[in-house]
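In this document, chain identifiers A, B, C, D, E, F, G and H correspond to the written order of the chains, with residue numbering beginning at 1 in each.
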Amino acid sequence: MSDTEFLLDFQRSERIGIGEAIYAEGKTTIQLTGILDHAAARDAPTLLTRLAANQFEALPRRQRDRMDYDPVSRTGFFGTAAPLRGPTQVGVLCAGTSDIPAASEAIRTLRFNGHAALAVHDVGVAGLWRVMARLDEIRPLPVLIVAAGMDGALPTVLGGLVPGCIVALPTSVGYGVADGGRTALNAILSSCAPGIVAVNIDNGYGAACAALRMLRLLGKPGA
Amino acid sequence: MSDTEFLLDFQRSERIGIGEAIYAEGKTTIQLTGILDHAAARDAPTLLTRLAANQFEALPRRQRDRMDYDPVSRTGFFGTAAPLRGPTQVGVLCAGTSDIPAASEAIRTLRFNGHAALAVHDVGVAGLWRVMARLDEIRPLPVLIVAAGMDGALPTVLGGLVPGCIVALPTSVGYGVADGGRTALNAILSSCAPGIVAVNIDNGYGAACAALRMLRLLGKPGA
Amino acid sequence: MSDTEFLLDFQRSERIGIGEAIYAEGKTTIQLTGILDHAAARDAPTLLTRLAANQFEALPRRQRDRMDYDPVSRTGFFGTAAPLRGPTQVGVLCAGTSDIPAASEAIRTLRFNGHAALAVHDVGVAGLWRVMARLDEIRPLPVLIVAAGMDGALPTVLGGLVPGCIVALPTSVGYGVADGGRTALNAILSSCAPGIVAVNIDNGYGAACAALRMLRLLGKPGA
Amino acid sequence: MSDTEFLLDFQRSERIGIGEAIYAEGKTTIQLTGILDHAAARDAPTLLTRLAANQFEALPRRQRDRMDYDPVSRTGFFGTAAPLRGPTQVGVLCAGTSDIPAASEAIRTLRFNGHAALAVHDVGVAGLWRVMARLDEIRPLPVLIVAAGMDGALPTVLGGLVPGCIVALPTSVGYGVADGGRTALNAILSSCAPGIVAVNIDNGYGAACAALRMLRLLGKPGA
Amino acid sequence: MSDTEFLLDFQRSERIGIGEAIYAEGKTTIQLTGILDHAAARDAPTLLTRLAANQFEALPRRQRDRMDYDPVSRTGFFGTAAPLRGPTQVGVLCAGTSDIPAASEAIRTLRFNGHAALAVHDVGVAGLWRVMARLDEIRPLPVLIVAAGMDGALPTVLGGLVPGCIVALPTSVGYGVADGGRTALNAILSSCAPGIVAVNIDNGYGAACAALRMLRLLGKPGA
Amino acid sequence: MSDTEFLLDFQRSERIGIGEAIYAEGKTTIQLTGILDHAAARDAPTLLTRLAANQFEALPRRQRDRMDYDPVSRTGFFGTAAPLRGPTQVGVLCAGTSDIPAASEAIRTLRFNGHAALAVHDVGVAGLWRVMARLDEIRPLPVLIVAAGMDGALPTVLGGLVPGCIVALPTSVGYGVADGGRTALNAILSSCAPGIVAVNIDNGYGAACAALRMLRLLGKPGA
Amino acid sequence: MSDTEFLLDFQRSERIGIGEAIYAEGKTTIQLTGILDHAAARDAPTLLTRLAANQFEALPRRQRDRMDYDPVSRTGFFGTAAPLRGPTQVGVLCAGTSDIPAASEAIRTLRFNGHAALAVHDVGVAGLWRVMARLDEIRPLPVLIVAAGMDGALPTVLGGLVPGCIVALPTSVGYGVADGGRTALNAILSSCAPGIVAVNIDNGYGAACAALRMLRLLGKPGA
Amino acid sequence: MSDTEFLLDFQRSERIGIGEAIYAEGKTTIQLTGILDHAAARDAPTLLTRLAANQFEALPRRQRDRMDYDPVSRTGFFGTAAPLRGPTQVGVLCAGTSDIPAASEAIRTLRFNGHAALAVHDVGVAGLWRVMARLDEIRPLPVLIVAAGMDGALPTVLGGLVPGCIVALPTSVGYGVADGGRTALNAILSSCAPGIVAVNIDNGYGAACAALRMLRLLGKPGA
């Protein structure tokens, strides 16, 4: 099995309305270069996620030059991101500083697909007044992505305070029984705040994709 | 601590736009009767979830007579459900017959809050043609709730086929390493179909509440 | 090995200042009767925990008549509880109605040892205003026992709001990934609110004993 | 205990009809060199699995020169592989690019034992049309090895579409609740597609050996 | 959602060559009766698995009279089983008496699909001479299903002794760290005997279906 | 999202009476420098925990010069620690030498907040006479922090011997089924010694904060 | 597969010097009766373990009359136990009253094989003086079986105090994170007291068999 | 807390008859040097376990010169080992080459305490004839230590073949569901071969200490 042939899922983009993306973790330079050459030939803007700095640097200059790379979120825009569409509809909150990488992956994925996001950070519930102070700003947004590690309590608290869609993004922040994010994830899924949904641990990309699916509802006729 | 005093969260309903609901599992007849009398006094329609048939039957006749009880979903409408609002916007799919109780909890929760749902069952991916045969019906719906136990593969397959919001509802169906629904939940969260979100195992109520949050986006201005 | 001989730990009571207690779960009527006859012979008031209603009813009348039994907390006072000492120093909070049995075990253990407790219930953080409304009452108490199942978020929120000792009491309330209380326990232990401590799931007795150890500090000289 | 003495299982090869193989992971250069010298003395072609590139390079030149080493699958043929026997009977599918190492271990093990395999990759079920497009090619093969990480859904989908033997090969691809391949494995074992069997996570060698046992049935009289 | 409508997967039977089957566990009498009436109308022989004795007895007489029910394996043949095809090709071994229910589910599934099986029991490896005494009988069979709970060691021992296909069937027999069959399953998957494959815990039906897929290879041309 | 903006929780310090602290693990030099510059500007003494030696060394000299850094506990005092208040009220015990890092984090946190601690080490219960020899010293202290890895038995033994508050601090010391400290934690929580409380694995900071909450009770009026 | 044929392992008894035994849990009356008739025909005394009272009572009178049944340990001697051999060499200790069933299974197994045991109970380490008070009696015994649930600390404490063989018998006593005996088992295996060995949770029979293997060393020549 | 003070457990050696030993993993050079200087001052031969090669090399020459260090078992004899006592009484078996480090730790611990061991390797049960070929040698030994990773089947097979004491030593060899040795450990504990006992994963030192306790029984009077 050669590892340089691909059957990229370029059609999916059209089917479900989310731009093309490549999960870079564990891929070799040869694989990544091949994928990007395909994308360039098709003139298809492509989002790279989980692209480590050393993976980025190992790419040939012709590819690095076409890429907007961000080391915090480990994402790259290969080709041009979609133009921004109207006002900010998504808030991305994080409980602590260490949740920023996962939250940034969500923000960058939204941006690549044409949406700006309001970033709100350091609003963990152990200091409740911090999230309260931002509530007027947060409440009107139709979609919130809420990143939280450790005890994962922030989405629950917000779930009782705001009427919009809440996509909880558990992160692997913490140690001991935080268990690499499993405790945050399980706490979120066990929340009695009604209607909170979750994605996999550290899956900022997935949280943003869920938001994109939701944003497509705006402007459609309701009941 | 007396177990007949309550501080019901009637305000939450207004804050987040989801009707009042009581999780009945493990509550005594005395507790349930007290809660329902409070609701009756306030004339507040209330949804009961996880209300076992024997819990329902133990209620006083004055309360049973006011309740529309469904044993499959183990839900009761105490007081009048919200009137139906416009066309059906939500599909509720289930992979197998055993997923029906969880799926029905979602359908009944939607109905209590004024939304009809299209029920589509027995469309598990081990017989792929079954879901394919229903795709034209499913694809236009803005929100899908997809119940699946065992291997939890149905939401992934749909995630690549439809552009709408997909709320995956893992169920405890299966045995051995199905592990009471954990395998279905983890498979859903590990899906590479972008933008699928999940609720807790068998949490049909939560899936419906997530759908309600999403449906509120319909009719709002988009970008 | 006969199962009617015992080497009760009556000396421990004196050593560590906590009244005698028997964990009844899984003990036979013969074992319980034998233990209580020993206690009666020594005139030692004894607390029974995890005493199911049918275990209580199977005891001989001479023992039932000497016992103050409470079915909600499944506790019995065999002999006289200690007299109440001064003002209420402990608050016992619970997030939801289903946490009442564990919380009541704590309240009854405190009472048996001479302490009243302020019971505060239905203050789960998915409806944050409920705990906020009681904060002035709760804040001055030197010791709080905080029972919470599901996502276990209440102790974290309180940990940032009050300066007193917080003993978190995770409960087995919830389903699916709530995992019999493990998620609540792990969320509590992973909390970034500083200085929260935990006991085992549903261990209301242990939470009260921890509170008793703390209350002994009151009145001692500080720094 | 000296670590350079061995009691290799050369007889097993004859008993069960699978060529000799050495699992190299964790073995020292001294151990590997000793094993290969034994094999050379007996003129016994030997397959090495989990042989890291740096382990290969540390071998003496006399051994490296006799070895056909492949870094993607981390396998080495020491001595000559068996000659190819007739037409291709095995398909090796993988859901994503990251499954290629495990799939390649299977392909190389088959080749060492005299069987070619049809490699089919990037046919994950989140883009269902990809596997559908290859179905005519895949369906007639008597044995399929299906590598899948993350949600492990591909073997289930195939199990409903093809009548041949399906050996599912879960891989450790994924993060968070993918749990090092356990979710893929459990989803495969929980599949309701009848007659799918599984090997350990990333065990491409074992999947190929299972295929070899199956291929021996071809040509034998049936009912 | 009515729970009496079905979209049975009757086509799958033709596609993959395995007879129709219904997993009865958790299904209501209404559901089962409806499914069997559909099957009767189509004159389709149907295998029922995990059909508890009380589920069988609750069926209407018209259905019970058409069913060959076996309480040990909890299986029912509704309609006529396929006629037996030629000589016995499958051995079904079990390590201990308690593995008989799972093993019998496999034997009955094979029989429903037209295959006899050689049953070999009480050959656990803690008494190694027992399996050795039967080896001449077992060795020539092309397919073995090997049921084992507790430590799951029997498939490993056989894997080194026989060249045929080995489908390991872990069972939930055991207590403590046997962990409902997970230890047997994991031991089987971790076996160094090459080419052993596994199905889910207690999944005798799945083991038999895997055997059916393998048996189709007999009589086909090999290399 | 810029990763150099912060909303530090400086008010919490006043609310709950515990000095400011920063959890340094996983924070970048840019983040740490920014946080410390804020602290310096506000003239707020700050405790750094989980500050690795290489993180400390990467700080600018102006910050390193103001910090008292201890590599064993990986803590830094940025600015002046609180003056010592009166006699030693806390004992910090550890079962083995490897528990010293976690125990030292507790001691340093206490010191930063103005409390000295009595350190007692190598008193694991496999050599029971060691803890017995120190009992007279330990018994009068109102608060004990007891660090233990592996089997976590030391807090249980002490719980039956001393009347003071016992904060158990499980550590990640051990291998195999010690499971990174989970066994010690679970053994502590399962202890039948009444009134022992626990913090997260290796959370010396949290154990000290719990002690600080308890010490505030000294000098207050009791019953 | 008939469930009334058996290949009992009567030869093992001679090979390894431990009397015949049948694990009754999950066996039907038909199976048990058949096994006992075989044993009676061969005049082979047989130990039954995990024989529930209702299983015993369902046996035919001719078998019940030949059996010495003990409901606490759930063991039956079918036929005559071996005569007692010399002085007591084994101590069986248990931490709490609830450990008595597992401990009694060990005592009865020893007795069936000709050995008396010294039973010592209620010596849990939360009341350390209790085990200390019995130390002179316990120390000279060559083999100790130590039953402990919850935190499993008793074997560790004894391991540092006595030179004999210590077989730890974890029990399923406890709740919450005691996890059905896994915490006790893991704590025992993680003990730093050197040379403690363990059997499965509640496996009193296995602990006694291990003791029997050890007792065979007595009287053999040493070094 | 200084990390250079120690309260070594030199008395334990006398109490339980096992030579002094230091677990080196995670200890710093300063700690190790201090401990060894204490030992040297007391002229106490000391066994070091889990001493990595780089830890050994970092010791001062005066200590390295007094130490017999073995890198495979990662053990060091500091001072003189006990003289050999009489004939070999212990066999140490291992299933595969990768089990040698754990097995060697056991052999070295025995040697330090004056006992030789018969090493038997590569006798895994997937090639059953290998262990059978050595059975006459193994059977007469009073104590066997049996190291096995992966499926952990070797101790079970031996348990049915030999009458002596069997200390199973699970190792962390394997991948995927071998789960770092947990599967081998659980399979051993779930074995139906009567009287097998286990130590922690990779705990060769503990297995040897158990053997030492057993060997003390030789030469004592039996029944």
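Keep in mind that, in the parts below, a contact is a pair of C-beta atoms (placed from the backbone, for glycine too) under 8 Å apart; a residue touches a chain by one contact, two chains touch by 3 or more.
Because the structure is a prediction, the values reported are computed rather than measured.
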Pair sharing more residue contacts (C-beta pairs) when D-E is set against B-E: D-E
Chain pair repeating F-H, as identified from A-D, D-E or B-D when over half of the contact pairs by residue number coincide: A-D
Centre-of-Cα separation between chain E and chain C, whole angstrom: 50
Mean-CA-position distance for chain G and chain E (Å): 35
Centre-of-Cα separation between chain F and chain C, whole angstrom: 26
Centre-of-Cα separation between chain H and chain C, whole angstrom: 45
Residues of chain B engaged with two or more neighbouring chains: 9, 12, 23, 126-127, 159-161, 176-178, 182, 185, 189-190, 192, 194, 200, 203
Contact set on chain E toward chain D in their complex: 9, 12, 15-18, 21, 23, 85-87, 89, 114-115, 142-143, 159-167, 185, 189-190, 192, 194-200, 203, 205-206, 209-223
Footprint of chain F on chain H - complex, ascending: 1, 3, 5-9, 11-12, 25-27, 31, 170, 172, 180-182, 185, 200-203
Contact set on chain C toward chain A in their complex: 96, 124-128, 150-153, 156-157, 159-161, 174, 176-179, 183-194
Chain H residues touching chain D - in the complex, by the definition given at the top: 72, 92, 94, 97-98, 100, 103-104, 107, 119, 121-123, 126-127, 129-130, 173, 175-178
